[in-house]
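Common to both upcoming complexes is chain A, partnered first by chain B, then by chain C.
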Partner chain A sequence: MATTTATISLSSDLLSDSMSVSADTTCMKAGTTADGLDMMDYGYIDVATGDEYDILDANNSGLNTNKANKVYLANHSTDETFYITVAIDGAIGRLYAGDWMFIPWGCVDQHDDIEIQAYGGTNTVCYALFHEGRTLTAS
Partner chain B sequence: MATTTATLTLSSADLLTDTLAFTTTATLTTAGTSTGLSQTSGLARTTTSYASSGVIESTNLYRSDDATASGANKVYLKNLSTTPAEYFTVFIDQEEMGRLYAGDWAFFPWSATSGTKETFIMTVGGTWVAGETLEFDGVLTVAANTTVADIATQVDAQHFPNWTTTVSGAAVTFTARKAQDAGTVVTATADMVIVQSGGSDATAVVSSAAMGTATESDIMIIPSVHTSMTLEHMLINE
Partner chain C sequence: MATTATISISSDIAPGFGGISNTMTLTQAGTENDIEETTGFSRRRFAATTAKDLIIMADASLIQETDDNTAHKVYIRNVGDGKGTIDKSTYVAIGIGDVSGTPQPIGRLYGGDWMLFPVSGVDGEDIVATPENDNPVVLEYVMFYEI
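== the complex of A and B ==
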């Protein structure tokens, strides 16, 4: 099995006391401790302002549903006014220049594509999907 | 200005032929600016637990009203369970994001698309007698004198559990604390109770009522088991 770890460190002087939160997880297949996620899709794309894409397509992904898939998205734009909206059927949020996100993805049905739309200018987006494998469609 | 940073490190020595190792750091700022996010819920823990025969209900972790709509708000979640099969299903409004298994965490932006809050205007009128009362939302106001503007000011000074108020003359504008689609605004008029003295014609007429609309992106979680599970969470917002 593959061992992939994801670690987050949050630090801030927002409160009177310093805030420092750290968490790490080994990306395992659903419900296991012995078998790690062993498949990965990775991409780096430019998205012109106004363009809207399914950056990860639930309908044609062949992924098994309700697994422990993980999605990483980062906006590598440098203009602070640039952002992409991220949605799974409904809106999740805006990923501004320099922001990143890391979420589980249930990929429950055909409507659960991960959709992005660019605003402000051409946004450079990096994405990765860690998953349990997929059923490939015969050509 | 507060400086809050979020760093992600993803690493694997054996997922690919080459070693996977990347780190990205975001300094969390308000939408479209370089100004740091200035508010947070603080780090919190929520434990869910249900009777074995009961229905597992969803828990509303953050309401859209809690943050600025379309802002650069960020949410951190971590499932503290140590039982591998236990997970929280994360929803935004009615849409399922995914399952957060034991030990897993998530960090994501949040639009916090809110609904609108119900409002109505109550105008104190008629002839009041000192000592007459007006009750609404469980709060009793006792008229100190006979002047309707003074009574309206007294109402405005109260702290209603579900409403905020402003006053202008004899008119008090009520605004619901939370956005929701209650389906009707009639409740407001029905709940306004005046206890009059004999011969008094004290009134509190409700007008200009506007129904609220439901929030669209509350963050909700559902645990996978009836037994106790704990989620650690934090909202950092504008």
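== the complex of A and C ==
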């Protein structure tokens, strides 16, 4: 079994007593307890301003819907005023320079692309998709 | 007053993949100033397949309404039944929208899984949770936000 683990350490001193959270998970295929995700896509790309782009395309990805796909997305820009908007059909939020996100991606229908748009200047984005496999489209 | 989040991903799927490690300090939009508001760490138990708002952007669940389209972040984890049993094969669907409408699905958070993501904070773009079945399941969550 392929093994992919994702660990987070979250700490904050906003409260009167410091908060610290740690969690890890082994990324399994949907509905299973012993079969790990075994495929991945990984990329690093500059995103120019002006248009919204599908960084992960639900329509053409050949991914089965409602699976346990996991997506990591990070904005590696260094200017704190730069950001990308992230949307899955509708708006999710903004990833500013230095920010990252990690989510399950249901890829429910063809409109559920992961869409990003750059603001402030050209943003450098890293992405990783862990999944159960895809059906390739004939060329 | 800093809030930091570090992710580490390791995988043996692809030979040569060195993993991912990344730390972010949660800052206010467009600045290097630390984010200053939080809901605090919370826990909520579900026992039905009914969709529920986990975080409502426009009401007293946040005490103060969020500023729209800034640098808010939400962390959610499915901790199973909350009594130590985590079923990796069942999930809570997480979406964004209004529970009375048709929330936009993000994905399925299986037992033990966690997610951290930015949110717009716009009214009506709430965080909606829908368990797969009627078995008890607990979500732990926290939101960091701007006002």
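By our rule, the second predicted complex is superposed on the first by the 139 of 139 C-alpha atoms of A that agree within 3 Å, B and C clash if a C-alpha of one lies under 4 Å from a C-alpha of the other, contacts with A are read in each partner's own complex, and residues count from 1 in each chain.
Note that in this section contacts are C-beta pairs under 8 Å (C-beta built on N, C-alpha and C of every residue); 3 or more make two chains touch, one makes a residue touch a chain.
This one's a predicted model, so the numbers in the text were calculated from it and none came from an experiment.
Three-chain overlay on chain A, with chain B and chain C in a clash.
In the overlay built on the shared chain, the residue A:T49 is in contact with neither chain B nor chain C.
Of the two partner chains placed around the shared chain by superposition, neither chain B nor chain C is touched by A:N59. Of the two partner chains placed by superposition, chain B and chain C are both touched by A:L15.
Applying the stated contact rule after C-alpha superposition, one finds that A:T33 touches each of chain B and chain C. Chain A residues 2-15, 19, 21, 23, 25-28, 30-33, 37-38, 40, 66-69, 72, 74, 80-81, 83, 86, 88-96, 98-108, 112, 128, 130 lie at the interface with chain B in one structure and with chain C in the other. Interface residues of chain A, counted against chain C in their complex, comprise 2-15, 19, 21, 23, 25-28, 30-33, 37-40, 42, 66-69, 72, 74, 80-81, 83, 86, 88-96, 98-108, 112, 126, 128, 130. Listing the residues of chain A that touch chain B in their complex gives 2-15, 19, 21, 23, 25-28, 30-33, 36-38, 40, 66-70, 72, 74, 80-81, 83, 85-86, 88-96, 98-108, 112, 120, 128, 130. Contact residues on chain C toward chain A in their complex (touch as defined above): 1-14, 17, 20, 22, 24-27, 29-32, 35-38, 40-41, 69-73, 75, 77, 87-91, 93-94, 96-97, 104-110, 112-122, 125, 140, 142, 144. By the touch rule above, chain B contacts chain A in their complex via residues 2-16, 20, 24, 26-29, 31-34, 36-40, 42-43, 70-74, 76, 78, 84-85, 87, 89-90, 92-101, 103-113, 216-217, 232, 234, 236.
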